[in-house]
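Order of writing sets the chain letters: A, B and C. Residues in each chain are counted from 1.
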Amino acid sequence: MTVFAAILSGVPTTLLLTFAAFGIGVVGGVPLALARRSPHPLPRLTARALIELLRGIPPIVWLFFVFFGVGNSVPGIQPMNAAIISLGVISCAYMAEIYRGGLSAIQRGQWEAGEALGMNRTSVLSKVIGPQVFRISVPAAATYAIGLLKDSSVAYTIGVTEVMFYANEQSRSTSDAIVPFLMAAFVYVVMTIPCAWAARTLDSRLRKRVAR
Amino acid sequence: MDQSTGQGQIAIRLDSVVKRYGDHTVIDNVSLSVEEGQVVAIIGPSGAGKSTLLRCINLLERPDSGRITLEGKTVDAGAEISPKDLAELRRNAGMVFQSFNLFPHLTVLRNVSLAQERVLRRSRKEADARSMELLDRVGLADKAAQYPGRCSGGQQQRIAIARALALDPKVMLFDEPTSSLDPELGLEVLSVMRELAVEGMTMVVVTHEMQFAKDVSDHLAVMADGAIIEEGLPAEIFRAPTHDRTRRFLSALLER
Amino acid sequence: MSVIDDWLQYYPSLLSGLWVSVRLAALSLCIGMPLGLPFALGSGATSRPLRLCTIALVEIGRGIPALVVLQLVYFGLPSVHLTLSSFVAATVALALTTAAYTSEILRGGLQAVPAGEVEAAHALGMSQRDTLRFIVLPQGIRVAIPPLMGLSILIFQATSLAYTIALPELLSQAYSVGSATFRYMSILGLAGLFYAAITIPASWLSERVEKRMARHL
């Protein structure tokens, strides 16, 4: 079963790529979401335009833009880095929208209570609202992470040695397109199922500590 | 309001009905008879199994054991019932729900006509004519072209009654029909129900409306913990309840 | 500016690619969405084996990246003597993906119809088929429309993956121009803007539809 072993060897890269990009998104989504809600038009509209473009243009196009486009002018970009950067930046946009949804779901009362207790807006945001937004965002974020895992498959087109790369390679060397790609399909399905289950258990546990 | 004793025709009979949800016995060997033209009110504390019992009559709940007899047709708990027989049974029993359950995407007229067309195979013209008759009877003919969302709760429930009556059922089942309504809106519904009773409709009503139970019903059944603990003439039970649980329930009600 | 020059010079070939992408998306959606309905109904079936089978198929369909399905259909099927052109293969692959996601969306929509209404229909003696046809489907599909619009936008974006099976859609065109001229950034930029020109207004429309429907409830 060396075909299967070859395909499995791409799993660490797929996982690394997914988690790195997701991590960037979780962190980078915060300033973007805050800018989106800013009372000042400049940050708000810039953030909005950025989010719309990042979500409206297919990931593979962004990937090519970063690797071939930017990579042309800035020589030496590694495929893996280009992939992490492009998927990471796209994730920022998706996470920003998820956070935005979470923010509006938190009761107004939480803001008012925090301010009535004498906390300034930043403290209310970071100590009262923020933690609740993170908890409320978990299901949507988990769903997004699963989608990201599947989207990471496009990275093989620029040479990243993840699952699809090996599936492609195996299919060419064995002149059999069905088995390697079915194995890749199996691997992806198996990877997403525990994530979906983890998301559901996390969601029910965290949901109990959120005021809606 | 005693209009049925001596007639003897049994419209509904429940024989030793048992219903369990997991370990919890919701209906514990209950038997009940309803004569033609009788109005039976079922009262009791929450969780007593009143609604479940009512829903066993038209088989929205399938009992685990026992027999249901409706207008001469008997259904055994364990036995398979064909879709045709089930439809016929349900046609004979009209049901009105606590939450009205009107179809929001259809006009009021269509709400009342749809089942007539699909179940009784009436033509659209016939169905609509009958619907208008019934809507007029409940005082809502002018609402025919409206959508249920635009109607008050009391109006919606009256439309629901018209919808149930449209199939010319032999009996009418009411599951806490006024519990979701303001007292004022509830009165509209209760007066329609009173009229139905006067006209001789066989009715089984699960309710918290003690006035209705006292004034309109011929027979009262008090349920608690899945069993009928007391039955008889409403006036007598209210005046002198024999069972301790009944006494507690009634006094709690009266003390409010 | 040379970026604008590039755009003016190469936009026709990108436009022809865009046309292919749009046709591919439209066809995949027209075939895939109706296909999702039987699976949505099967997911809620009373018969346990049918229900589990359907749910398994849908979960697998949603778990496999569209990219893998594309490779399987285009490169894999010839091994079983079924060779499809890249457009047809892409359509089949995206239609299957659409069906899997549509099934989940429709299932959610059908479930959103209040159980009390279904009970009322049954109490009136209406058959399962009639209840489905007159009560559940009209309301369920309506609820599903905004998420289905969102799915349509995603499927349109997914047409870019057909680059890997040599379909001359928008990304392929942009890449060939780019590799010939090395003006990757400006050409890919234009391609991106073409995608955005469709997806962004489409998502605005979808948001408006969603708001309007929420009002009517």
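Note that in this section a residue touches a chain if its C-beta (ideal position, glycine included) is under 8 Å from a C-beta of that chain, and two chains touch if they have at least 3 such contacts.
Since the structure is predicted, the reported quantities are computational estimates derived from the model, not experimental observations.
Viewed as a contact network, the protein chains form an open path, each link joining two chains that touch. Here C is the chain whose Cα centre lies closest to the centre of all protein Cα atoms.
As a whole-number value, the distance joining the C-alpha centres of subunit A and subunit C reads 20 Å.
Centre-to-centre, using mean CA coordinates, subunit B is 47 Å away from subunit C. With each centre defined as the average position of its C-alpha atoms, the distance from subunit A to subunit B rounds to 54 Å. Subunit A makes touch with subunit C in their complex at residues 52-53, 55-62, 64-65, 68-70, 72-73, 150-151, 153-154, 157, 164, 167-168, 171, 176-178, 181-182, 184-185, 188-189, 192-193.
Those residues of subunit B that touch subunit C in the complex are listed here as 58, 60, 83, 86-88, 90-91, 93-95, 97, 99, 101-106, 114-115, 118-119, 160, 163-164, 167. Subunit C meets subunit B in the complex at residues 114, 116-117, 119-128, 130, 134-135, 138-139, 142. The residues of subunit C lying in touch with subunit A in their complex are 59-60, 63-69, 71-72, 75-76, 78-80, 157-158, 160-161, 163-164, 171, 174-175, 178, 182, 184-185, 188-189, 191-192, 195-196, 199-200, 203.
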